[in-house]
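Here the structure is laid out as structure tokens; the discussion comes afterwards.
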């Protein structure tokens, strides 16, 4: 029978020499685990001697404790009567100091901005900062959205628009919406429904979902209850220790709903998300799921050893999640390795130039789709929005659209944005933050509200364009003049001829 | 002799099982009418057991009660002494919480923005929201106006500008202003003078008026007192039940002042007007005139029946007015049907591309004019302003100007805007909100003030350009460089050649 | 001996039947003059029975009373002891409700914006509104300035810039600054120094001044004390009654300092200056100098007599000053008439297109210079800034620069603006509001401060460009790309070929 | 033994007739020095009879007193007990009225804007105004930064980005950062660490530093403690009295760390920095170091002697520092003179056109590098940003990049800005204000923080672009469309053919 501890006893073990924490009413000695924690020992030490459940729970899927701690680490249980009355930790307070307003009336949220506003009042500051943040000055995040506003629609009239059908297919799998949910990490920070809640909402609307590699629930939990024809993808961040990724791929293979692997390429190293980094000073840091140790793969290799490694204090969630992620992926080595470990089609996420799109298309049929994405503006600030890359491909290598599917994400706020992306040649459009804010605003019903709004706006737009089915949408339905003059021009005056030829030659 | 009821008695009948309302001091039992009400039963039930006159009156033309209720529905009259002292319903309060300011001094309103500001203080929030609202983020509404500001004028000097004549003609009918009043619904929401008041002001200035299909007065009332040479058009929203539209056309035929039928094409389904939708929560909804039942013509036909029909809660006036409107109009079926039921010339309203303008011109002489319009930005957001379509026609198919008249509306705030549209090739310029805000600011005198301002500004502009008559205005009087670079370019890189040929082939 | 009146007696004569006013301590019966007053009788009646000196004085040059009233109108003098203690009339209060700040320290005003701010605190609201106002939405006024900010400078370095010389010549007359003072009306509204004060400051800096036709002092007063080589021009607004203009020309002929006649063409009818019009409600209107009666030359000649003449209530100073101005000037009739009445060179002010510049150049040598001007944005809103017209001339008819001098005005705030205009081909640059605001800020010393700032900034700019003399400035010193893409393009798709040929044919 | 004075005695000598000051506890009679003071006598007289140490110290390097005063000027020492209790002089108060906040936590400053904000709270208003100020309306200063935001990056993915190396070389000298510190004057105004502190931080990061000609420490002090391989340049403002510059060059020759002479060309006369000028009214002016008298080299040579020399009241630090600087440098005379007095390579700073870059390249090998710079926007407002000049050179004379190194400065706020400049062809990027604000925020650790941030951001950017070494960066990594349409076009319609030929001919 497990020993029962008083809180007073536990609270004495609050140092690196003896570090205990309470999790789900159990008492653990994590002293020996401290150096192994992927997010660093400091995060745990901030919680040493206390009940860490509130911080631990929303970002660790079940099984994490068992995978990482030996059985002997569990010392016993806590006597609940001895626990201090709970106070909200500072980081868990709402992002906006609103009076107690209660959950929003979802039906009164008319658009995605209002959903975000409602979620901002519900989310903790840390969760809000993690979701809202983007690289540097948020220029790419902003441009992701405003670029759609620069495109005008061209409605055709005197056309029967009684019928409207938003269904399409991804990689041959039928879906009822051209909108899918992008892999977005840590959904339980927003709401206990977590990624499962997103899956439920997607099921209702026939929408596809890509599960994040950093999900706060296991893939098995997320797809639980999905209909046989509900379509999922699974995102892979390749780990420095490749065997970990290989084990994950083997586990995913067993889930029939997961139809493809989404290999993320747009964030080999973390971007600088200052809103997220600032939140490190609010309450204890959020520990991370990944069970690998921080290594040096991202440190400088400057030949001058005298230079101190420049590490502006990180500490946001985004930075922590990168621990263990490999930065050495290449066309030549990674795709063959993947072929050894999965037979699922590969979707490459994060392409931002026509050159890379061209190269990807050469890798069909292993690569079946690409996602044009700047990681929601969270990686490199002033990276181009997907709309630019779509126009680049149209200009320089339109054959890409024939060989592989092209999906896009970033900046979608309106059904008109969805339609514009489809007119430009995208097969589908991902939403990330919108789903998380929907979750924050109202759990799975909030996600459903987001999809409901997008579906209704998309249909209204299609009807007013005089279009019945998504495959009818084309460049003649939009006016992109204001954007086209800004896209990359492979000018002759670079003084370095043949670059494009070389890009193709990189294959 | 009619029975006299106490208010206490009436107020008991406030359910779907027994629903009474007081209208114009009469008591009606509308229980059996509830399922037939075009705006839905809920709107009536909100007023069950009360005096609904204030809500009912401004949006139902005379005859509506008689057309829709059997004689037996009228139970008797109300004893006025028993009526509760009136309180303003929340939705009828002014849109801006101004101190009691009284009606504005019209002569001190120097421009259309000031008229709108004055009206905003007078109008109920519901009426303001209905008039002010536009699609999604109001981008098209805003662009409608700012696009005129991007065009520069080119004044010629040392020209005798003693004389100035703003007269012109529409479809051969002489008018004294190139500005006409667009079909704008529900004018009595703004002022008891309603559409008749607009007609009176138009008569004073020799301006044309197009009567809305959703007018709050009958066409007969509106043209009452008009001079024989006063020019009107009548707007047709084709109803799902075609016989209703046929009956309307037969009735219109008898009014000599009505010279053409304006068939509206730019809003086959309602746009998303969030300001309007938000006002549903303020007081009871406004019921609507149209005597047809809501049908399913706008619901999705997705092949997957599992999807719940996405209906973001509507409830604004705009949504209600669409009940019964047909979404299946086409060039091939609707024009021949119209030819059977009217011999008046047809004006097609809502064209937004040069392709559709080109097709319309092929339908002369039945079609005698087109109105380039994005419905005041109220239908599809980011649809192009009429100025874009004018420039497109000039670029791709200028012969349209030779075959039919081209009118425009949307965004007119200044006489310089009027002149710019005329320089671009428009024969006339419609104002919608401006007339309604004029009505709101001061009834028919307010509308007259709007026309007076526009006429004076137009004349000043013409004189300073060195132009005496409107037909002298041309492209050499304006500099459109800043706009021309943004208009649609039928580029070769769409990868889909022959679209334009196909557009022509749609005839 | 003159009779002496009590104020109580005078104040009884305050109607149209018997209207007395006190001016300069004299009592006048102006009853019979009421219908003849150019600004209308209403303005006088507002002051009937009172001491009108404060309102009358700053805008009527000496001699006005004698010219317009018979000797018998002077009834006697007022007993000063009976005058009520003076209260500021509402319209004469400062434009900004500042605490009593006293006159500004001119040396601390570092730029023209600060001069304007200082003047705004000193000026009456009426004077401020008259100076500040511009047409409609002030778009041209704003563009006049911002267009200079769009132009970048191209400094050449490693050049000896020890010396710098801003001297140049206008029509062969040497000046020490390429900046001149434009004809700006009613300077005594700003300060008792009036136009004479401007002349004094111009004398100090060797700058040219053009005297307004609506000056508040006589030309003789203004040039009093000028050095023999000080250069003036005289602005002519041709009067409907030509003999009045002929008399003025004869009078001007006697003043040796006046070297040319500046015929203003950019405001044949008044623009709509709403700030100015609004000020009519503040205190009594300001009467005007011109001794001609309001006529109907600007009224509509619409063939439909039923239309009421649209006269949005005017009442600003700008409107009043137009009374009597002819709107029927033409190339063919006016220049020959002028040749009969003056042998001075003619400078045409207000050209805004290259076509008119081209025509003007055909009228050399009678026409020796043109001023590209949109009247400070006060006439037609969205008329082009002078920079556009300069670039148009360069593009379409650069020979104009060879045949006549090209001056510009509008929007000058900085020495860099002056230099940019000169680089574009302007011989000189006029400032209007800046001089008036200088006057308002500190009388003639304030004007001198304005010229001192502009001279110093111009020299700094020339030196940093590596330029010693103004004639060295050229297009290679500026980058106009951002402006050039916006100037008028005589495109082929107007559907009206030959316009340009016709423009030339208008000669 | 030195005489000891009471403060009461000293304070009597506060006039031009007898002027004493206390410096470092010594009492000096500076009456005879008054007319010789480079900044003018007024600055000293404001401090006459007081302890001037606080004002004198931070801007005069050691040795200044000895160089300029005879031994007899030192009268004795002050009795410290008689000194009044010190009050902060008004000009030395913080620029922002913050509550006492103490020094910032440098690790929490995440970007350069936050460093500037922190410094603004620490700096005196005078120091802030001197650092922050720029010419006229700050348009060039603003454009310097925003032009980088107009350039988009083009990340290549699926590339091994484990390694990243920011090292490069300037003129053959190895550095570990492509970022160097520009010559920025008066660093001790920000912090006692002064320019030495900057050198210390540069040493830590292997960054180059160019020492200002107006440094507040001697060059010997600044390089004290530098490693043998630490790279410095020395900025030269050529003095009117050439022997002074020659003496400085001789002195610099002895410092092995100084590898080149940076001849500044972009500010032969001071720009108009109004923020700086305004600060003259706050407390006594700051005297200046340079030991030469104000001369008339910048006064006008207008042929009309009557004109008063226009001297808008200067008084900012920037103006004072120009006293004695020569304005007559030329390609033909100055470079040969330099060759006589130094064998170090010459770097020309302040080129702003491709023409001058072309000419400079003709002067290789004496000229080994040019710095494209508009002096941080502090000289001529609306001068082009360095990015424009880079693109101009690429367009018109790309061979310049082959012949000499091209460095740039101005507007750098982010690592992405650094990378963009390198992609455009710059070999290195200078930061001026950023270093000074770092110094103000936290002394040498503050400067180190600035370099640490820039290095980390630069590495993140390179990795996310898929680039390992700086020499791999090229035009294919950026999209400059939005900037390229704004750069200078050598158009044919200037009406002055052959300018470019002449520019080349200026050699």
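For reference, chains read A, B, C and D in written order, and residue numbers begin at 1 within each chain.
Simple rule for what comes next: a contact is a pair of C-beta atoms (placed from the backbone, for glycine too) under 8 Å apart; a residue touches a chain by one contact, two chains touch by 3 or more.
Just so we're on the same page, UniProt names per chain: A, B, C, D = L-lactate dehydrogenase (cytochrome).
Everything numeric here is computed off the predicted structure, so don't read it as measured data.
Between chain B and chain D, the least number of touch steps comes to 2.
Averaging C-alpha coordinates per chain and comparing to chain A, the farthest chain turns out to be C. The rotation relating chain B to chain C, fitted on Cα atoms, comes to 90°, given as a multiple of 5. Annotation: the chain A:chain D pair of sequence copies touches via predominantly different residues, less than half of the used numbers being shared.
Centres computed as Cα averages put chain C at a distance of 45 Å from chain D. Each of the following residues of chain C touches two or more other chains: 485.
Annotation, chain-chain contacts: A-B, A-D, B-C, C-D (touch as defined at the top).
For chain B in complex with chain A, the touching residues are 136-137, 139, 265-272, 274, 277-278, 281, 297-298, 300-304, 306-308, 310-313, 327-331, 334, 348, 350-353, 355-356, 359, 374, 379-384, 388, 485-491, 493-496, 499, 503. Per the touch definition, chain B reaches chain C in the complex via residues 107-108, 110-111, 149, 151-167, 176, 204-206, 394-395, 398, 401, 414, 416, 425, 452-453, 455-457, 459-461, 463-465, 474-476, 479, 481-482, 484-485.
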